[in-house]
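This structure is in structure tokens; I'll ask about it shortly.
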Amino acid sequence: MPGSPCTKDIQKNINGSTSAASPVTFTELQLLMAHPELPSEQDSSHEEKKEKDPVQPGPTKLRRARVRFLKIVSYFAGDMEVFAKWMEKQFFLLQLLDWVLRGAAQVMFVNNPLSGLIIFAGLILQNYWWALNGFVGTLFATISALILQQSRGAIAAGLYGYNGILVGLLMAVFSNAGNWYWYLLLPNIFMSMMCPIVSSALASINSRWDLPVFTLPFNILVCLHMVATGHFNHHFPQVLIQPRSELPNITWAEIDVAKLFMSVPVGVGQVYGCDNPWTGGIFIISLFISSPITCAHAVLGSAVGMVSGLALAAPFGDIYFGLWGYNCVLACIAIGGMFYALTWQVHLLAITCAFFCAYLGSAIANIMSAFGLPACTWPFCLSALTFLLLTTGTKRIFKLPLAKVTYPEKNLCFYWKMKKQEKKDKAEKERKEKEEQQKAIEEEVILNEKEQLRLELERMEEGRAASEASEAGNNKTRAEDEAPGVEQQGTEEEIRQNEIIQVTIGENES
Amino acid sequence: MPGSPCTKDIQKNINGSTSAASPVTFTELQLLMAHPELPSEQDSSHEEKKEKDPVQPGPTKLRRARVRFLKIVSYFAGDMEVFAKWMEKQFFLLQLLDWVLRGAAQVMFVNNPLSGLIIFAGLILQNYWWALNGFVGTLFATISALILQQSRGAIAAGLYGYNGILVGLLMAVFSNAGNWYWYLLLPNIFMSMMCPIVSSALASINSRWDLPVFTLPFNILVCLHMVATGHFNHHFPQVLIQPRSELPNITWAEIDVAKLFMSVPVGVGQVYGCDNPWTGGIFIISLFISSPITCAHAVLGSAVGMVSGLALAAPFGDIYFGLWGYNCVLACIAIGGMFYALTWQVHLLAITCAFFCAYLGSAIANIMSAFGLPACTWPFCLSALTFLLLTTGTKRIFKLPLAKVTYPEKNLCFYWKMKKQEKKDKAEKERKEKEEQQKAIEEEVILNEKEQLRLELERMEEGRAASEASEAGNNKTRAEDEAPGVEQQGTEEEIRQNEIIQVTIGENES
Amino acid sequence: MPGSPCTKDIQKNINGSTSAASPVTFTELQLLMAHPELPSEQDSSHEEKKEKDPVQPGPTKLRRARVRFLKIVSYFAGDMEVFAKWMEKQFFLLQLLDWVLRGAAQVMFVNNPLSGLIIFAGLILQNYWWALNGFVGTLFATISALILQQSRGAIAAGLYGYNGILVGLLMAVFSNAGNWYWYLLLPNIFMSMMCPIVSSALASINSRWDLPVFTLPFNILVCLHMVATGHFNHHFPQVLIQPRSELPNITWAEIDVAKLFMSVPVGVGQVYGCDNPWTGGIFIISLFISSPITCAHAVLGSAVGMVSGLALAAPFGDIYFGLWGYNCVLACIAIGGMFYALTWQVHLLAITCAFFCAYLGSAIANIMSAFGLPACTWPFCLSALTFLLLTTGTKRIFKLPLAKVTYPEKNLCFYWKMKKQEKKDKAEKERKEKEEQQKAIEEEVILNEKEQLRLELERMEEGRAASEASEAGNNKTRAEDEAPGVEQQGTEEEIRQNEIIQVTIGENES
């Protein structure tokens, strides 16, 4: 993680030049990137810091209080790096719990155990049985990844858990056997343990294009389980999903605006298959804790989904139930700052992607219903992958290398640093070019001086040569031999070069 | 574009040695590649031209008239490069119109605004509303590509427009809301503007195998729109398509041969969703203008499709309606000279591909009908991609690098040039090898001569040494020291080398 | 083929140290790898053999008989390399027959004409018409590959035939027109000839991940044919397959244990679409001849499939009919020793893959039935590809490079050799490191000795210098000039280096 160099920029903003052009909203984002290790910075670039320190003595108590607040925020916001480092030395089961919680939050691209804890609270509020299944799924997916000796860093970031929680949850949600049907845990554990295998396989393919696997393993495995058993099964029956076969009854007069607004948090909740608006609200809070940009895009995505549903004449029930929202939530988060650095262009792209995702969601839901399947998060995966594969000529749409993706605020920081570096490199290059020009001019001046010297010398030489010639005619110097030839040559450049030789020869003579 | 060196070959054929082995049919194809800049050729290889000029004085008026005719043809055949260059300096809206027209023709792989204009005429003949939708689709797809800063060259070649025209046209064709339902323009514009995004994303994947995206973006987006809304939708209802569920009524006695023959142009027309045979005829003409090879393969493909339909016992109605033809048309064009250099083997491969495509077309139509979808051009895309991924041991099936693909005649020219170059390289290599052999033989001769010389010298030396030895016994030369050792050594080679040394030493001595 | 070095290891086991730790079951496997060229081994490592020969004089007749038996076994086990070499010089039609037989066996990853012959016998036992179609399919697929100039080695290994036999067989099995409907041979031949094209295209894609194409071409082409014609077709009607629409009648009391056990060989037989348990038994024998590991995994896979069927509450009829087995058979063979080197971890992975494959089989069967299609071997292909794309940190799960895959026993041998080489390299490296350390120590000792010498010399020098100084004060040596500066320098290292210089200078002086 390129954390430490990054934080120095923030330090600059906090300590000294906050007045310098950074708007208020952006400062708030930067707070989340502040590192607690700041005071004990031990970098080679101490001189940089010293330059800024003299500026600090002035600030009031308010500023100092603010710095302390930021420090506290940095402990539980973002990806809680300090906590992760502290965890590394703890008891294995505690570590596992950390990974499971991070896994739970990673569904929304949030690598934060606190968010994970809050999300589990939301799930418990929704349904005990579902929450249990979700927990079992995350746990066994993580364990399976450990058994298969996957990358420890990825496991610790919860990247092997998020498909597990979705598999566990959604298998419980779509089971027709009712709550507390304990046998369901068997396929749940099996499918959760398959998650890392499918993840690893898909990563082998997607990594060729530097793409993440998103929730594709979950989509594949849940659809696999549902269609393998189906509605008509003795052991693991699924809820009946059938394609629409008649015109839905839509009366615009009957629209319930309150429910429509409620559909925004419900849409966020539906990412985890929850239809309780309070659960959705809790999820939104958990997002805000880790990354406000993510949170804003989640809400925006859900709203875009709702609007798309109305535009495509979807039954109101589906819209109220959040079915038009959850894919757009994920797509909007993924494009809006997570895998692209957030600029205005990327923000617009994220909204476009959310609309496209809503369209695709409707299409996939209709296709899948022919097999008795829900849409899962296929629409999100496919639309986000499409938008990540996009190549444009603009530099303002910058896709982060997959290894550098953390959370929107830090990504933005990375992007700014990169741009600054680019600018610096450019300025450096220009400076060098200027210097070279300057040098060339100076050399020209020197050459001219030498030229003058040479002419003088030549005149002297000619005088001497004339006098010498009368004495000893056969003792000609090389300089004298060449000199006439030079004066008859065409290009000015050659003349100058020959003159320099003459000068040095002249110097040797005298 | 490797245009200018290419045209020189044609020049040769036209000016001088037309009698030399090039059959009549091929000359006709070459006409289309003749460049208007020919008279003002300013290449470094003037000597080549001069060699041919003396041959020209002879030719009659007929030949001169023919050259003039070719020059005129070259202005509007092929990809109209001169026109494109002239366009670059024009007003932006005029340029945009050029790109839109080229986009309209690019559906059939034709990069020619005149063909595009004729195609639009055919569309207007078919249906005003459809033509309007097609135009809007092409326009907005091109604009979207400009906004996303896609490659200007590709935009100017119409490569971002052809999916747009198909999206626009087919959304109108499959809409159940009737003509002039103006709201349809909204999803039309949205989907058209999504075209460059999906194109770019698919190109990122396909470029790994140097494959084009064909009409995949169109297939994806139209299917997406149709299945997202479906037949039972208030805003954008689609026509009802249902899977076959009973034996079709096929009586071979009832076959209408006239309609069967008519199905060939109808099949070409169905590429743009048009069932009017006149429209299909106009399309065929537009193809002929740009590239006769393309035109021939289009008609051939349509015929193959019709035959396949009969072979697989398709309902006659489908065959008459051209549904078996349009995919084969595209597949046959793509394989037959467009992405492979046209040889007899490739021609056969194109016909095979057309049959495979017809089979696949029936399969995909049956699958898609389960979701209420038409087959679109999925069969063409999948079969052409399969045949382009093929790797064989024959050099006669040569897949052009994607960047070199222009139109069949020019591709063929590129292939011939490459082969000639290869032959030349091979001849050069052989010549060099021969020269080296010659050199080796000469060296052998020289060595033998030296050997003779050495033996003589040695004998002389021995005589002298004997006489000298008697005079001064302690003044031995190095050559004398080595000589006895050499004569006792084993391998012949070493002896010879040492002898050469002796010779030179001996020469130094004398 | 890295055959000859491999056999030497086996030789060791056979001749000498069979008592050394190799269990009985493994010896049996190794037998199959014994080469008939053993007696005439002409390797550079004769000394290795000589070392072992003295051990041999003791062994009884039994051992000698065993060696002879192994030699005979090696003629027709494994991939029958000797036979293949002998075949190369035979009449073309005989060669073609060899390729066809190998192609028939390659369905089960067995490259052995004898197995192929036995498999054809099994097919004839099942159904004459099916066997004929299978033969025609293999033949034309091989011919088509020859026409398309595919790799001769792959053709000779039957890698272009196995899709052909499956296409031929399954098109006959699923045809609703009854046996001896001769027209069926037409699409059979067309589809078989398409096999190499589709194989080659898929290989272009899969080779990027070093993956085989498995039976994907067969799946694609048979599904294509079946869905293109469908149940309601006049020329080529297919059997009617419909999705399940009600709860199957499963009474656990009615279970027939005999039939359940019989389902294991039936499952193996269903790989070729045969439901006769005797045919399945014959197939098992044919597998055993070539490779016991393959055979064991085939039976294991079939059993896993049967258990999965029971676990997922499948109708008993389907389980008895072997529909749950054949995909697991193939998946278990592929993972268990064929593409991975067989270790205990890989064995467990193969069983996991078989379970996953069974699950996937049920899912795909349900999806395909919506289009009137059977599951074919899609589940096997997809599950095996997923498990081959898996990347783990363990070295015990070693995926063989595709070019090195032969049969499980030889693969294992390759893996062992590689590991031994690695160990050797490691030991070599360690040895070198030790040597270097030793050398460093020795150098240290020498340096210390020089140090002592230097001190002595210095003392002598000082004494002499003092005496000389009184005589000639202006004749200072360089060594004396440097010496004081050296003694005042900081680091010990520099001092030592300078001292060495002094020593040498001192030596020159004296």
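Details
A, B and C label the chains in the order they appear, each numbered from 1.
Assume contacts are C-beta pairs under 8 Å (C-beta built on N, C-alpha and C of every residue); 3 or more make two chains touch, one makes a residue touch a chain.
From a predicted model like this one, the values you see are computed outputs, not experimental measurements.
The chains that touch both chain A and chain B are C.
Chain A and chain C touch with mostly distinct residues; of the residue numbers seen at this interface, under half occur in both copies. For this pair, chain A with chain C, the centres built from the Cα atoms lie 39 Å apart.
Annotation for chain A: residues touching 2 or more other chains are 208, 370. Listed in rising order, the residues of chain A touching chain B in the complex are 208-209, 244-248, 250, 311-313, 352, 355-356, 359-360, 362-363, 366-367, 370, 385-394. Contact residues of chain A toward chain C in the complex are 148-151, 190, 194, 197-198, 200-205, 208, 223-225, 227-230, 232-236, 370-371.
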